[in-house]
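In what comes next, chain A is part of two complexes: it sits with chain B in the first one and with chain C in the second one.
For the complex of A and B:
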């Protein structure tokens, strides 16, 4: 009940955040304006619309996760609302989980809203959806679970501005981890190769969650691939949440 | 023998600066005991470590060394917090919630059932006069309204122990009166109250015992009647229509002579000196408006102990 109470309150608070609406509106504008870029690509209009629509859900969802997420714990400490909460008979991990669940519930709503608008738009433009469309949206949401967990971790460690910079940098880097193993020939067999490979395996590869390109290009994706990516994302998310509770457990507020 | 509500043993707390450097200790071996059913006033000047002690007891801040317990449970154990109601200095709540929703939220955190939460709301809204503002958002509440809500939140789980950080700070006379009455009521209800305050007159009225914190250590503790000597510090004689040469003569034995609203005030260190002065004034056909023995107040005691404590450390 305690985690649910904190989650419900977090949802209620986050839904009042003006940044959320700003990003949601930009996300929807981006989906709708995908047709403009579609015009420019002769013959590939539908592909571009599908590509940009799903990319918009991913990017604007991530921005909501980062900007609201990095404020979650910090704001409670800064505004001192945390004093009367942590002094109740709750464990600190319950607080972190409650905050996290509140935000991912909100993200489920925003992803659903953008996903439905995008789906309607694609169908209106003459495209088809198929199961892969819903799998693509589901994996985008799964990626947001991971980004939110990292944002919550940073929120218990540092200020929202620094937290947002770190999470956004990690987000960009997480989409390009492929370069760590795509090394020049003269580096092969060196310690550097082993080091980069180790970093590659430790850091989450966020591009694994992006199957919208396959959807846009009509490429088949197996359901097993989707499920394994969900397991992969869940493990990283659990690890980040564990670290967040560990940090918060010993924090003076 | 009553149970021990709060116990700290050699409690030490040293904060770190943003650069990770150690700052001077805020608490430096604080050992303290508060018994059940006591109203305990925790005194000390700004920066003495009162709020840090309270935060450690409420599980907001962790000590570097030493132990802190509530009814025998460590401050790290949430069972300790289930027995405590905490009112921070200048309490902050979610601005978009109403008092009713706020109390319901904290009731859920306590693990109370819907029926228990509703019952508690009925009792606290009546006690703290919250019914009229039950459905107004906290945003826009005055300091007094927030404090009333803060008390309601602290008392939400019907705790055995209330820990109040500067509960009278920033309140107008009506607000202070409300807090004082509430604390007296809590004392009648045999609740244990531990509170810090700067308003020593109010402390004097409601406390069974006080503890005085100086430089992170407990400098003195005990019942007020034991701590305050109640000895006469001086005797003030206010006079009128006394010739100047008589005043000049008396001023040699007076500690201090100054103009008061009612006349000239002469302060003497003893009753004998004051009586002798009064006789001399009457003999010279002057008038004695008042003769008042001045005993030590908690404020005098506080200042004296602060000076002693700082001198010793």
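For the complex of A and C:
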């Protein structure tokens, strides 16, 4: 109940943030303008429209998660409003979870809005959606859940600017962890290979959630693959939220 | 008082809206002019801008999940580059292959760069690279019809003089047929068989379609492969019978009159039986014709004659009186019935062309 109250409050607060609308508008403009590149290129215009539309949902969703997320806890501490909350009979983990749930509700709304606009646009341009389109949007949202959890963790640790830089870097590197196992031939069989493989399995692999590339190219993806990626995302998110709770519980506020 | 307030409002409008608007428009105009000047000082080469990026392996992993978008942009650059080179006097296309490979490294499923890249490369005579790129695409997109189509065209055009080109083209024609629907499906199945038969590769055709029947997963494709195998077997029978006739005539020292003579002479056990009701008949040159194999030729002739009747009727407002009316010099150049013992028949009343036994 207390978590729900904090979540509702966080949602109300975040939805009033002008940055959110700015990012949302940019996202929608990107989706609608995707046809320009398709028009100028040779070949399947719809592929490019689908690519850019779904990439926009992913990128602008991530930006919302980062810029709003890294502010969540820090802002409460900075403005000292945190004291009015933690002086009440409320556990600190409830506060973190409430903040997190509020933001992911907001992300659900923005992803849904961009997802619907993108779907309508693809259909209007003569494309087809299929189940894989909705799975692709769902996995983008699942990725945002993980990114948001990381943002909340950083928000409990550091300033919003530094937090945003770290989360954005992690976002880029999280999509490129595949390079750790795609090593040159002369490194194969060395201790370095095992070390890099170990790092690969420890770091979050965000490219798991990018099945929109397969959708755009008409490649089939099994539902099992989608479900297992959701399990992976949920576990990693839970871990990050646990860490955020630990940090906040030990924070001297 | 009211007048003063109106003046004050006017000043506010001027100060808060008009002046900033004018400054903005003027600013955009000035920056636009400066940009134009800068463009004049330094010729932009956007293609090279992309080429100087680090290698595509690194690019793929550090795009923040946007490797597809980068592939789209890279492909756009490749198209621009190709067009620019094509229009230049010294067209060398030095970067084309690298750009196509980089694009597909970023998005291995992207069919267009494989396809059009293959076309561009084949167009400049780089057939081997074109084939390799198309084959790579086929490995990533095994259900695409476009890639076998381009490979098929490559072997029918650029590489047609190479040994076995027809056989390879036939193989790709079959792949196209497997992957498409509609009227062209049948046409590509036929083409794959005819390409082999054109080179007298009857045994290869039988072997190819026997394998196709065994490996086809789709019931429709299997049925088509069975039909093609049946036709290839008929072709093989015609070939065997023609060889037997040559041997028979050499042995007995006279021309053969009927196919039964081959059985009597012990050169064949029996005249092959066609479960579809086709017959083997001798033509005027003592060559064997199978009526099932001749049917598509007859169909084509009937359609063509029907078209000519239609054109005649449109021009003259009535049906032609005879063959000669819509096919001048019919006896000399007109089509012959492909099956011995039958002939074409025209009915001037209905304007219908069909065939009948002689």
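Everything that follows uses one rule, which is that the second predicted complex is superposed on the first by the 253 of 253 C-alpha atoms of A that agree within 3 Å, B and C clash if a C-alpha of one lies under 4 Å from a C-alpha of the other, contacts with A are read in each partner's own complex, and residues count from 1 in each chain.
We adopt the following convention: a contact is a pair of C-beta atoms (placed from the backbone, for glycine too) under 8 Å apart; a residue touches a chain by one contact, two chains touch by 3 or more.
Since this is a predicted model, take the numbers as computed values, not measurements.
Trainee: Based on the shared chain A superposition, would you classify chain B and chain C as clashing or fitting together?
Mentor: In the arrangement built by aligning on chain A, the partners chain C and chain B fit side by side.
Trainee: Count the residues of chain A touched by chain B and by chain C, then name the partner with the higher count.
Mentor: C
Trainee: Where does A:176 make contact in the superposed view: on chain B (first), on chain C (second), on both, or on neither?
Mentor: The second partner, chain C, only.
Trainee: If you stack the two complexes on chain A, which partner ends up touching A:21: first (chain B), second (chain C), both, or neither?
Mentor: Touch partners of A:21: none, neither chain B nor chain C.
Trainee: Check the residue A:52 against both partner chains and state whether it touches chain B (first), chain C (second), both, or neither.
Mentor: Second partner only.
Trainee: Under the stated touch criterion, which partner chain does A:81 make contact with: chain B (first), chain C (second), both, or neither?
Mentor: A:81 contacts chain B only, not chain C.
Trainee: Mind working out whether A:37 is in touch with chain B, chain C, both or neither, as first, second, both or neither?
Mentor: In the superposed model, A:37 contacts chain C only, not chain B.
Trainee: After the fit on chain A, how big is the angle at chain A between chain B and chain C, using C-alpha centres and going to the nearest 10 degrees?
Mentor: 170
Trainee: Is A:9 touching anything from chain B or chain C once the two structures are fitted on A? First, second, both or neither.
Mentor: first
Trainee: With both complexes placed on chain A, how many Å separate the closest C-alpha atoms of chain B and chain C?
Mentor: Least C-alpha distance after superposition: 26 Å.
Trainee: Using the superposition on chain A as set up above, list the residues of chain A that contact both chain B and chain C.
Mentor: Common to the two interfaces on chain A: nothing.
Trainee: For the complex, give me every residue of chain B touching chain A.
Mentor: Residues in contact with chain A: 15, 55, 58-62, 78-79, 81-82, 84, 86, 88, 90-94, 96-97, 105-106, 108-111, 150, 153-154, 157.
Trainee: For chain A, which residues are in contact with chain C within the complex?
Mentor: Where chain A meets chain C, its residues are 37, 40-44, 47-48, 51-52, 55, 58-59, 171-173, 175-179, 182, 206-207, 210, 212-214, 216-219.
Trainee: Quick check: in the complex, which residue numbers of chain A touch chain B?
Mentor: 1-2, 4-6, 9, 12-13, 16, 79-91, 250, 252-253
Trainee: Report the residues of chain C in contact with chain A in the complex, numbered from low to high.
Mentor: Contacts found on chain C: 57-58, 60-69, 72-73, 75-76, 79, 107, 109-113, 115-116, 141.
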